[in-house]
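So the structure is just underneath, and the comments pick up after that.
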Amino acid sequence: MNTFGQLFRVTTFGESHGPAIGCVIDGCPPGIAIAPEEFAHDLSRRATGKTRHTSARHEADEVEILSGVYQGFTTGTPIALLIRNTDQRSKDYANIAQQFRPGHADYTYWQKYGIRDPRGGGRSSARETTMRVASGVIAKKWLGERGVQVRGHLAQIGDVVPVAHDWSVVEDNPFFWPDAAQVTELEVYMDALRKSGDSVGAKIVVEADGVPPGWGEPIYGKLDGELAAAMMSINAVKGVEIGDGFASVAQKGTQHRDAIALDGFASNHAGGILGGISTGQTVRVAVAFKPTSSLRLPVASVDTDGNAIEVVTTGRHDPCVGIRATPICEAMLALVLIDQALRHRAQCGDVGPVQPRIV
Amino acid sequence: MNTFGQLFRVTTFGESHGPAIGCVIDGCPPGIAIAPEEFAHDLSRRATGKTRHTSARHEADEVEILSGVYQGFTTGTPIALLIRNTDQRSKDYANIAQQFRPGHADYTYWQKYGIRDPRGGGRSSARETTMRVASGVIAKKWLGERGVQVRGHLAQIGDVVPVAHDWSVVEDNPFFWPDAAQVTELEVYMDALRKSGDSVGAKIVVEADGVPPGWGEPIYGKLDGELAAAMMSINAVKGVEIGDGFASVAQKGTQHRDAIALDGFASNHAGGILGGISTGQTVRVAVAFKPTSSLRLPVASVDTDGNAIEVVTTGRHDPCVGIRATPICEAMLALVLIDQALRHRAQCGDVGPVQPRIV
Amino acid sequence: MNTFGQLFRVTTFGESHGPAIGCVIDGCPPGIAIAPEEFAHDLSRRATGKTRHTSARHEADEVEILSGVYQGFTTGTPIALLIRNTDQRSKDYANIAQQFRPGHADYTYWQKYGIRDPRGGGRSSARETTMRVASGVIAKKWLGERGVQVRGHLAQIGDVVPVAHDWSVVEDNPFFWPDAAQVTELEVYMDALRKSGDSVGAKIVVEADGVPPGWGEPIYGKLDGELAAAMMSINAVKGVEIGDGFASVAQKGTQHRDAIALDGFASNHAGGILGGISTGQTVRVAVAFKPTSSLRLPVASVDTDGNAIEVVTTGRHDPCVGIRATPICEAMLALVLIDQALRHRAQCGDVGPVQPRIV
Amino acid sequence: MNTFGQLFRVTTFGESHGPAIGCVIDGCPPGIAIAPEEFAHDLSRRATGKTRHTSARHEADEVEILSGVYQGFTTGTPIALLIRNTDQRSKDYANIAQQFRPGHADYTYWQKYGIRDPRGGGRSSARETTMRVASGVIAKKWLGERGVQVRGHLAQIGDVVPVAHDWSVVEDNPFFWPDAAQVTELEVYMDALRKSGDSVGAKIVVEADGVPPGWGEPIYGKLDGELAAAMMSINAVKGVEIGDGFASVAQKGTQHRDAIALDGFASNHAGGILGGISTGQTVRVAVAFKPTSSLRLPVASVDTDGNAIEVVTTGRHDPCVGIRATPICEAMLALVLIDQALRHRAQCGDVGPVQPRIV
């Protein structure tokens, strides 16, 4: 199950320290203009080694298009994308080949397969997410041509939450943070955290504007169900909310349900989805990331021979994996949306929504 | 997409007030002993009309096995289950055929399909979940024979959270509540709520003990990813957490990562899943339910002709839909687990876990 | 794998002598007008007991629509169809519960599942094909509204092949035979065959006119590939040809390739498909049916206890199963086409074919 | 739909004259020993440019393993294989970019996608089949460890059919021909054909020995159904037969059905499959290939501007595409078998066949 999507299908492959990572996008509509350099922007937003707040690993992340694009346009045949790994320091991992790092997939891969590639976490490394971002670029482009805009920001790091909310500053700081006034505070916080050798969790919010009503497939292919699966499939994610999410538990029905007026919904507690189908409002998803498990601070574990050991991670890691995850969450949102759009088109055709069009 | 699962596939059909609801279970292992009466227990736990705290609709929920079972054993061929609807009061819904009820799927189904069955919410009704529960019975039986136990309880209603936690009392009160001392308080709360005409949300926790390490498929078929999709596909669900969930955001890495000793993990912040694969610990999922949207209290909306209207719901409804949802969440957990078990068996065979087996 | 199709998905269930057979059609476009009586025509063409040339079993084949249709129109939600079995003479099969009938699925089901329902062949009975025909009715209706016509005829029984070819007589004789002058000869042939206790094979040709160019998905979802799977999944089928089929082996390239003129293709050796995609010409498929294996004439076999036995079939059977299979092949052709049409619409939209439109 | 298989899933990508072709194999069991050089043998059997009887294009076909193999063993994660294209003479195709070559997919791709890569047939080129062969190597290896042997031979070229049948000579002549005495005759035939500028069809037979009873999934995932789809998905295939195939049409039931004795089946008209499930006998499939459509001899057609033109193919092509297709058919047989084996293991476990084991 290394394939995501039903109709816009992205199959990823590759290990953190293998020769390359890549993906095959099948079912892509023909005629989308796409150039290799278009992948650079989002990959750069996701990349490590750009500020001191992320891992020092530096990968060029140059995308080679192997197929499916002819004279600058998608042809409808599978698009294969390839990125060669260049900055593998596999020797960093030599000493952990026999260790099970707590909080990592080492133990579970070992139990499942009886064999694992220990270099940099192998297949379980977040390096796989470059391909989510790369394929998300194509999805975003198709969606953008239809008026659908996808974007995201950090909504919590440790105990810090944004005070103000300004989309225009999100891309201007290393934390995808919507309140410029807090950036210095966050830098101080992260510097102290990095020096302590510890890590912290984060929450990300991603949104899609311009989604027409009608996307999403009841019952087991609901838009929110697929978003939950998409986000939970990202490394380190432990929770997903749609709209008001867990806050709904303490709400009254009169408070939660969104009244409808002739000019649109009066509120959006639902997060743009009712009955698994888009309402036409902003689709809003929140995602919880756990703190990085790879730390310089030692932790008790066992090795593959059944000995008690102490694990200290010396590789390069992010003190807060959530920081770089905004473009990944955006990509997953875009991939879910294009897939649902194609599925809607298949069953219901391209006919516009039935009147009255609210919102 | 009315099918759930990759290898243990449950396809459900039926509308709330149509002639019947049912399902087809395909890919079920042969040789499981199953009798019609075995469905009664869990269906009864999910049923309405049993206490004053749930909807007054009373359905017999008698399951007819149409195929796939011969002389009391599953044969490996598709198992069709059928429940005839008996207590449909469709006239309750005659006046809402042209209305879009806020918080419901009316508007989105209308936009998607251009046609909808308005009686009792039609396909979007939670009546569909009887079939999740029924198929979950078979999944639980197969899992039980392998030492896997699935169970759940309510963990929050409105602002009320359990003080004590005692599995043994959960089935003895109408709220699936793990603290017997709070049941009277909850009854008073729910009575007042019902009289006010309003509703409230709820949180459910479901757990699976005895899951061996190794179940779950990276990258896009992760155990947690599929659990998230499964739970989010249930009516009224707005959030899903694995293990510590959103609490992980404010945690430090030293706090979250579960140390490993020779006799097992020292803690279970992960909720029994690492890298999308089971660790052998208890799998723990929390699910947020929004408050019921169908209320006697009026709300502004529009109708299919584009007129502003006021909606008052006169049908029979639950003041807290989460109350009856525990067996549904259990069923979805069981369905995910049996599916992952079969997928694991396909790829990796039935060979036991590699040593050392921790936990 | 009791589901056929990717987007127009038909899941069938039921055993020959169980309480009922049925299906669930998921992904059906909304807004198709459909009434229970519309199934009768094709089901009657497939039914046994109508002439002396088919099995004497008489089933009413009354279709009940359980879901997915509201006020006479499909709603986009799953359509469940149910037919109760009424003429089961299970005692006919009591004596064969321990026997493996040569040419049947008895032995293989037993080996696969370790359990089987022996009554009338259980799940392996051709009774399952009623549901293919029923769901094909809906597919044909949708296709018909788009100018696509599906039809079929017998093209060989034993050594007899049609001399003339007249579509207008096919429905007027019990053999779906396109040459009225040969019908008496066939009746004599079949009468003699039935009296001898033996059976014979048959070849069916099905065609679709009006298929627009562009349906079919390279590489592994080719229109011809899916047609081959669809036809081969029918009971007793041993071969499938597209266009010239096996005759192509002895042809020269100059003879086989279809030249193209401004007013269309000059010939149709390809059978309307090139590169797995429809050309706009008639799609033509030929299907080989083996002779019925259930005979009054004894044959050597073994039983479940490992004893050598002699099998004589006393149930009611067709001397030539191919005779009734024309509507089944038509249904499978229609199901493949609607599925490919929806898949094409998903990826490429509903935009008409690119110019020049040949044919 | 560039993915083949349900559990052993092969996704291929690449165009004939693009930078590379490749595939991703997902769901592969862990622990299979595999080295890059193991692909060479079968790829060489499929390669062009080795005798004068195939196309002069010479591709090195060097396989690079990009992922999923660690220290010589498969890890259970996706295996990506890549072959760089080296001998593209795209200028050969410059003049046909606006032409629709009769018998090719040019016209249908154009109609479907509105855009196509004309160089060497682009995605519709048989060059894609290298990846079928490469992934088939892994499938064959896993099957071989379980006693399943896959092999094939040509069974007809034009009107020539083998007189003798000797497996041991098949690999010793350029025609995969089982009768050494006819090889000279075939060489003369093929030389004359090549000089004439024309082409001819071919029939291939592939077999699998050692398949245990029980593989195959009724109803729509039958072993024969999936074989039919697999073979029909190969370029230029127009027909598929299982066992006696179309010869069954003229057979009597007493002749076709295979009697069973205590020491096994008395014959194998069924081709090793009953009810869609393997019987334990040799699985036998015949495949019809049409004659190559690319000829030096001119043919009438139209161009993308709607002009009548004459097409003459000057690229390098096979006078009989069927000759090199034996390893491709073998690969597809192996891919179907491993997929069915894993599906069987998922549902029914690894327990051996139920007694009595016939054959």
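Labels for the chains are A, B, C and D, by order of writing; each one numbers its residues from 1.
FYI, a residue touches a chain if its C-beta (ideal position, glycine included) is under 8 Å from a C-beta of that chain, and two chains touch if they have at least 3 such contacts.
The shown structure was predicted, so the numbers you read here are calculated from the model rather than taken from an experiment.
Steps from chain B to chain C, minimised over paths through touching chains, total 1.
Distance between Cα centroids is largest for the pairing of chain A with C. Contact count check for A-C and A-D (C-beta pairs in contact): higher for A-D. Computed from the mean C-alpha positions, the centre of chain A lies at a distance of 45 Å from the centre of chain C. A straight line joining the Cα centres of chain A and chain B is 26 Å long. Averaged C-alpha coordinates put the centre of chain A at 39 Å from the centre of chain D.
Residues of chain B found to touch two or more other chains are 1-3, 12, 27, 30, 76-77, 112-114, 123, 218, 343, 348.
Residues of chain A that touch chain B in their complex: 1-4, 6, 12, 100, 102-105, 107-114, 123-124, 128, 156-159, 198-203, 213-222, 224-233, 237-246, 248-262, 266, 269-271, 273-280, 288-295, 297, 299-302, 304-306, 308, 322, 343-344, 348, 351, 353-358. Within the complex formed with chain D, the chain A residues making contact are 1-3, 9, 11-15, 18-22, 24, 26-27, 30-31, 64, 66-68, 70, 73, 75-80, 82, 112-117, 122-123. Contact residues of chain C toward chain A in the complex are 7, 27-30, 76-77, 218, 342-343, 345-350.
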